[in-house]
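As structure tokens, here come the structures.
Shared between the two complexes below is chain A, which has chain B as its partner in the first and chain C in the second.
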Partner chain A sequence: MTVTEEWVRRAQSGATDPRSPDDHGALRRAVGRNLTAYGFLCAALICFALFSWYPMIREIVLSFQQNNFVDPGEWVGFDNFRTVVADPAFRSAWLNTAAFSGLALVIGYAVPFVLAVVLNELKHAKAYLRFVVYLPVMLPPAVAVLLFKWFYDPGAGLFNQALDAVHLPALSWLDSTSTALVSLVIVSTWMNLGTGTLIYLAALQSIPGDLYESAELDGAGLLKRVWHVTIPQTKLILLVMLLLQVVATMQVFIEPYLLTGGGPENATVTVAYLMYQYAFNFGDFGGGSALGLMLMIVLLVFSTIYLRVSREEAER
Partner chain B sequence: MRTLVSPLALRTPHGRIIYWTILTVTVVGFTGAFVFPFYWMVSGALKSPDELAQIPPSFFPKSVDFSVYKEAWDQLQLGVFLKNTAVYAGGAWLLTLAVDVSAAYALSKLRPVLGKLVLGAMLATLMIPPMVLLLPTYLVAKDLPILHLDLLNTPWAIWLPAAANGFFVFLLKRFFDSIPKELLEAAEIDGASPLRILWSIVLPVSRPIIGVVSILSVVTVWKDFVWPLLVLPETDKMSISVGIASLSAQMPQNVLIASLVIASLPTILVFFVFQRSIMAGLTAGSLKG
Partner chain C sequence: MTTTRRGLSLLLVMGLGLVAASCGSDDKEPSGAADGPVTITVGCEPPKSNPKEREAWEADVAAFQKAHPNITVEGKDAFPCINPDTFQAKLAGGTQEDVFYVYYTDVRKIIEKKQAADISQYVGSVKPVNDLRKDVMSVFKDGDQTYGLPRNNYNMGLVYNRKLFTQAGLDPANPPKTWDEVRTAAKKIAALGPGYVGFGEYSAGNTGGWHFAAELYARGGSMVSDDGKTAAFKSDEGKAVLENLKRMRWDDNSMGSKQLLQWEDLMRMMGGGKLGMMVGAPDVVQSVNNDFKGKFDDYGVAAVPESDGKSSLSGGDGYMFNPKASPEKIKAGLLWLEFHELTPGQGQFDYARSKEQGRPVGLPIPDLYGNSAPGNEINSLRKKYATVPVDNFTPYVDAQGNITNKLEPPKAQELYAVLDVAMSAVLTRKDADIDKLLSDAEGKANKILAKNT
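Let's look at the complex of A and B:
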């Protein structure tokens, strides 16, 4: 409601507030209320302006400028984009990022849902299982990643020793172009699994029991009940989580930064990591921002779909 | 409540066997996947570098000697890193609450002109992940517009961006919206100022949501890696994650692992204590976005 509308409303029904006998008082109070409101808002406005809104504009400006941050930036059109696209690592970075997101979906998307369905059926050890599955999420990601770096050690590392114990050949994990990216996906899945599991669990608990009851009376077996009741009932949250996971995994940075440094042979360079390298290793903020802008546009597509879906969910 | 499997099916001998099998598999599987790595970490720290390199590895450390933890604490100056991180997380928490609670209160209860636009602009920031704005945001912290302050290596570089959190404003505003108008109008007629109403009426009834926002904000800052990596390059100013990561290459393996154990204790302790609020926070925003 705008001020004028409210002012008119108050003026028309003058008797609602004993302290505003005339229009004048109402107007003065409306102005006062707005001043107070913006007083309460100003700190947030400053924080958002500095660290959210302005950087969006700055990113666009930076990506079209050549900048040494001493002189004013020089407009160079699409030069930064051309430089970045011509970089052989550019193609690898996008392919790896897409592969990382895709693999994370293959390995990690169905697992939390299945775990949640199982957990929802169990009547024992509930608190323990829920606590334990969320434990890795509470670890600082850097700690989890460094821990796995040790597990991946080709010699005495936990994983190769475990493979050895069951008489399987050792893998070179982070050191081979064929397994490095998968190794990153495994860490990332391990440390994020708990979130999805608990969110699905909450969604499963709101499914009305009589739906299962009547499906069973109709002769639907276990898998049919999952297919015809559980999945349709959680369809929207499944979709929301899918989009959130894609957006999250497309930004992958810490895993390549701490585990592989993008190697071997660019096998684990991601877009976010390349962006970081451009800015902080090559001192090229223009190229870095161009990459950031491209990633932003791709992620905006997913965020927009997410927004539509979650609105639908909220209206349900 | 009735779930996927009917209670009748569970009562049959056949159903019982399946149930207990699945339960056992789940408990063993979860313990193996999520608890065992922690055991391996804690016991690994107690092994000597020789024992760590030994093939096959020993399941239990040969000798239990906790001095490696002291070594890690001293060599990696973990005390300094932990204190830094506590200052960053604590300050971010206080500032976030002060800034976002007052913003949400203004948007929900005082409803100024253009309030909807402001809220929309704050929520719009949720569409763009901070990672893609990393470089321009870093440049802002390095040279604050207009004031030309350099925030690098100061806690403000963590605190100010942490307060610009659209999700928190959204959560708080939605909760404030549910507080009945009559409650506030009564106080207003008694002549209470907006600040007084916020402090004595809105805040006390909003304890649950403030708890959720508090824990989320502390844990987010505590776990963050990329941003502190960029804005706190000085070793003495580093947060625990960044500190350990940047010194990890020069440490003997067992000292590094001991430092990982120490670094993971605070958040896990927080999880033990605030499990309920943390899980509530998980579903607070994600279900009805």
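Let's look at the complex of A and C:
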């Protein structure tokens, strides 16, 4: 029975003051407890409002304005959208972003899962290997990207040296339109490998061991165990990670910005990179915001699916 | 219930948004009396990590304030002096300095967007303005209106590593004057061993388009038509720029295998001592010496090959005024700029102090005055207090008399982004079709320019 219900009951029973000294203490404690909670909530709300919601609202406003940040912005309807859609780089940017996300799903999504399965099967050095796999996440992204810039050097780079050691022809990596985007996916995968692997590993470890034992008794090998036990048991987390991966990879920026500058021949220009070009190099915040709004709408679709899936998982 | 909660959340967000939006606005300061106290904020104060420059700046501020007791100069330090990425944010946030620093490349965009104050009615009080080179002043003008003053000015040349020239059996006192000579020299330097690059060139992050313009101007070409409405780079000169690079990259193999280079890449390669030549101004040598472990003695600068009697892409920096600055602040800012940036023997031209502090003196920049009286005075002071080998810049200085400075085209960054594609194509693809690349670029550029006009 809640404090309020108790008051009502006492009032109905004819008591002149429904609050006893004991109730005052309970009320104070309840208010105190909730005040702390509201305090924490407010802090979080202010942070979100200032650093997430306000910039989003500002972006939406800017995408419909011509603004020099001196005079009040002039409303221009959909002009900014028309400008960016007419830009020849617009189509390349969306195609490259989609290709990057697709490749990141093939490479960046599968590798951590396979690695987690292998780590889960290992009997020894598990903690050490988990640490090693997670290490790249600790590097600041810019450092990791610049490290790969050296690895990809067509002359003295590590990758071409390795290819040469096994008598394979050298690749142009970032300098070729056919390999540049894949090279960026490799960097991105390496940088994010650790987090994905740890999440999958946690999911794998929550699978009851007797399921594997039963499968083993039925004569299932490793692949069959993965197919019939691991994947069905981790289906939801796999789906959630898939959606998060799509949302993250569609915003790819740092890799093309630091490694290729969008080249060669616009082969690595992505939507986020084009946004940056508009806003900061061309000084056209309206165009940049219009692109940002388009990307936000696309990502909203994936985010909505993600929310539904994660709610389903929570209810499971 | 859920609807109410959602409604309240939305109101909260909107309320916070409005509060935050109102924080960004900035009202004009009331104008004070003619000689009343006035405080100006000025960009590009040297950072504390450059103690010698900082000390000189502070001494200059003290001397200026003594001469003008009603003016207080508040320097705002940053390194580099400006990050164009943050320009709009500073303006929007109301933290832009009253007298703010700009690169030439951004000036036209700022004027078009009305993001700088019109100082036409005040600039007449600055005496040296009449002696400034007309082409330099034109950077900050739009018709008859003036929007700023220069601090530095140079044009593109050919920067080369004298040490590598000697190692490759070339004469560092006689740098290449034609592109054929550049090709021959580049091949010899590249032949020194693995990792040596004869000639380096940009092709990413809009820097490729920038250097395309530099090489095009030096051949006598233009980026846009005279009225600025259409692209003009699909010309014999434009084709020659790309063909020359393609030959050096693929026939001579003298440009290294790593491409998609951006500004810092060539600086690092030049400082590392394995790059023979690149297109650049004397400020490249300064950067390589100061920030990329190179040594002044090892580098020389000449004119861009075959540019004699033609043009060279100009570059530089200067100061503009916050569009919200009061007339008093503008007048005070102009007095400061006259004192610190434009007077021979003072501020940035106090070469006696620079030598005493052990700072480099003798580079042929800034060239603000050409052959006028203040220009000659600056040149003689520069020679008198030289600490760097001035002879290394003689080929560049000698060529200046016969080369016209040419400004960047309208919508420069957008056009450079378009031409990055052509530059990266010839440097990364052996079968690049130059005619097609230029046609595609022309089509895209025409769309950009049509939008502009």
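To be clear about the criterion, the second predicted complex is superposed on the first by the 262 of 316 C-alpha atoms of A that agree within 3 Å, B and C clash if a C-alpha of one lies under 4 Å from a C-alpha of the other, contacts with A are read in each partner's own complex, and residues count from 1 in each chain.
We take it that contacts are C-beta pairs under 8 Å (C-beta built on N, C-alpha and C of every residue); 3 or more make two chains touch, one makes a residue touch a chain.
It should be emphasised that the depicted structure is a prediction, and the values quoted were computed from it without experimental measurement.
In the superposition on chain A, contact is made by A:281 with chain C only, not with chain B. In the superposition on chain A, contact is made by A:142 with chain B only, not with chain C. Legend: residue contacts after superposition of the two complexes on their common chain; A:114 is shown touching neither chain B nor chain C.
Once the two complexes are overlaid on the shared chain, A:231 sits clear of chain B and of chain C alike.
Contacts of A:122 after superposition on the shared chain: chain B is touched, whereas chain C is not. Once chain A of one complex is fitted onto chain A of the other, the partner contacts of A:266 are limited to chain C, with no touch recorded for chain B. Legend: residue contacts after superposition of the two complexes on their common chain; A:68 is shown touching chain C, with no touch to chain B.
In the superposed pair of complexes, A:177 makes contact with chain C only, with no contact to chain B. Chain A is touched at more residues by one of its partners, and among chain B and chain C that partner is B. Once the two complexes are overlaid on the shared chain, A:168 sits clear of chain B and of chain C alike.
Put simply, chain A uses residues 45, 50, 53-54, 58, 69, 155-156, 279-280, 285 to touch chain B in one complex and chain C in the other.
Those residues of chain A lying in contact with chain B across their complex are 1-3, 33-34, 36-41, 43-45, 47-48, 50-56, 58-59, 62, 69, 117-122, 124-125, 128-136, 138-143, 146-147, 150-151, 155-156, 158, 161, 164-165, 190, 194-195, 198-199, 202-205, 207, 209-210, 212-213, 216, 222, 225-226, 229-230, 237, 240-241, 244, 247-248, 251, 253-254, 258, 272, 275-276, 279-280, 285, 288-289, 292-293, 295-296, 299-300, 303-304, 306-307, 310-311, 313-314. Remark: chain C residues 12-14, 16-17, 20-21, 84-85, 87-88, 91-92, 106, 109, 113-115, 194-195, 203-208, 256-260, 262, 323-324, 411, 413-414, 417, 420-421, 424-425, 427-429, 443-444, 447, 451 touch chain A in the complex.
Within the complex formed with chain A, the chain B residues making contact are 1-6, 19, 22-23, 26-27, 30-31, 33-35, 37-38, 40-41, 44, 52-57, 98-100, 102-103, 105-107, 110-113, 115, 118, 121-122, 125-129, 131-141, 143-145, 160-161, 163-164, 166, 169, 194, 198, 219, 222-223, 225-226, 230, 240-242, 244-245, 248, 253, 256-257, 260, 263-264, 267-268, 270-271, 275, 278-279, 282-283, 286-289. Chain contact summary for the complex, chain A toward chain C: residues 45-46, 49-50, 53-54, 57-58, 68-71, 83, 86, 88-89, 153-156, 172, 174-177, 259-266, 277, 279-283, 285.
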